């Protein structure tokens, strides 16, 4: 197969076979990360700019390591040091970056749609590392990679996504991808955090109780309560949230025996997941992080034309 | 020719033939940036420290990419993480950096003369990336590179520099370089922003009107209104500034037909330049950014002794 | 000799022969830093994460340059961009970092014991770059390297450590190392800054006067007054501190003729040391910085199994 996408902006614009091709490529990248010398010359001489307008530990570090392991040169541009402080428009900032001839621009932005907007004007590849509440495709792809690796399939599975669905780009990208590959996705969370008409828009079901969401589940993706973003009054206390929407051994008892516990991190221990469960044998939270590097190596490789001689969009 | 300068501190200390040699070298570096593999081993094993005491997007990114494309190792030292917060003197900070054996120190500092001061004490090469209101030699050189590339000459041209001349290190460095190469430089701006006796000191003319400044101009260098630095009351509103000192199609009509519109960026659209003009076919703002990387590659290469076997100052 | 330590957490856990082996290795690394091409492929393909929860110029820059000179890939993770802002625990942050498969984690943390704590859970090597008031082993090792280089021995020397002993991880690590190698260590400082029972715990002597501390001294390690950390009222003024606890030509007159003046930097000139003395021929402050890069190269090399085929702890 030849991968023809120039940009990875969201999951929706990828076909099922493109998703599977990305996951296959990531599986083979993963092997590189297990070697004593974790470096291949695939992208030597390529320039990757990491433009993060929102803070991030794991996502930025993951992209940065992925770049280095492919021998690409990467430079970071934080919002705090950026000209946007001086009143420059996003498009002007992006054009300035592009004028320096990067091959790939990885961007995170608080504005939904920012990467799509820029993709209309820039010639370099754009990888969306999270835009507003809209999409976080590399996170969804690494989640899918992890589920497929553990379950040996990625179709026909029951997958629950629990938490603040409304504000979650992780949820949106996972719903798109998992449904596209033929899985049954149920969402559950505080009623105020479930988007209106989500069933029709995303082809998922909304569970009425935690028990219903977790029943026969093959994997549970817990979403992060973003304390640093939200007003404190969406729910009264951590304890209350944990009681009604937190994951624990007890409410997992009707899930599949080999259910996977997943979380994009960082975990609020004792809120979304009990500490015991987060560290248990069914938690794949750290595998998600490991797979994230391999998955991002695959994205860099594929948008650079790794699977073919000529690149087009 | 052998390039014998160890430091690039300002334009004034470069001869006309040195400037032309730098531009010739930058032209050949530019070709590297057009290749699929944008990397040559010229400075492998050399260490470049980027010491920016003032924030910057494009200049720092440009130097950083230039370093990587020559295979040099670069490390950044921001003021915010620097020992200067702990009360260390500039000289002690610089000596500490030098003790780690960098080959080149790129520095930006709010104090005019800081790089000159340090150059008396340090053995490594120093590239001034902007010091106070004094000099910004790499910016002026990339501006000259861009004009020469487009006009096929860099002598006898009419070049207007418009805006806050007093506070602009870009203006000072460009006046020095353009006059040295035999161009006619006119400056124009709010009277409070034109330095006293600038005609004598820089051998330029001060225009009395925008029309006079732009008449028969081959290139117009618009300066940035540094809203983040200046008090708001140097002029009353953006609209007023734009009306009297902004560039637009109308006031360009008596310039040369192929006049170049230039700006060091980031542009305050609608203030210094109309948005339409900034994006037009006569704007070379993005070319300036592209040329900036090549020009800085040339500076790194030349101060490292790229043009000869032995380096001296 | 085979170096078998996986981590460098403090000086106490190193034997005298391990310390000497590290210093020997650092001496040979130092030669690389004098070459025109300061780079060897020893750690190509290894990944080093620099995780600094406290700010630092020289230590972080030193580790970063050491990594690059051995051709390792290094990525930085500052506290300000870290998930710890989002409420993640230290262990979760560290596990996330480890899941990305770094070979070495260099960490600085305000909490004494943080690197020891993490070393129980992580498989990658940990280098302590300073934890609270507890330990700063790479600083003590570079101090020992510098003394040994200048004195041609590192046993039987009289070494004074002057200043705020209580709050100094540099003092603690130096006391451990210097005593272990058979030197006579005297400490002196404001009585409120001398830990209770330090003689018994560290096997050093507490001097009653500056004169006593400096008498026949081979080297004097001046500690930094950490103005940015301490309350202003530990002593009344800089001038008073300087008068009673500062180093100058006068109070050095009964030291050995070739006494070494040392300081971990950054120096508060005129407080801990007179400016004249800091720049004098007996000051080795800049040599300490130079040796720091070589010493950290040695640590990277040794914990990566540079001295053997198989690595164990």
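In order of appearance the chains are A, B and C, and numbering begins at 1 in each one.
We take it that contacts are C-beta pairs under 8 Å (C-beta built on N, C-alpha and C of every residue); 3 or more make two chains touch, one makes a residue touch a chain.
Not measured: the values here are computed from a predicted model.
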{"item": "Shared interface numbering between chain C and chain A [over half = same, under half = different]", "value": "different"}
{"item": "Chain A onto chain B, rotation angle from CA fit, given as a multiple of 5 degrees", "value": "120"}
{"item": "Inter-chain centre distance, chain A versus chain C - centres from mean C-alpha coordinates, in Å", "value": "40"}
{"item": "Residue numbers of chain B (touch at least two other chains)", "value": "none"}
{"item": "Chain B residues within the chain C interface of the complex", "value": "44-47, 49, 73, 75, 77, 80-83, 85-89, 92-93, 95-102"}
{"item": "Complex contact set, residues of chain C against chain B", "value": "33-39, 55-58, 60-62, 64-65, 68-69, 78, 226-228, 265-269, 286-287, 289-290, 292-293"}
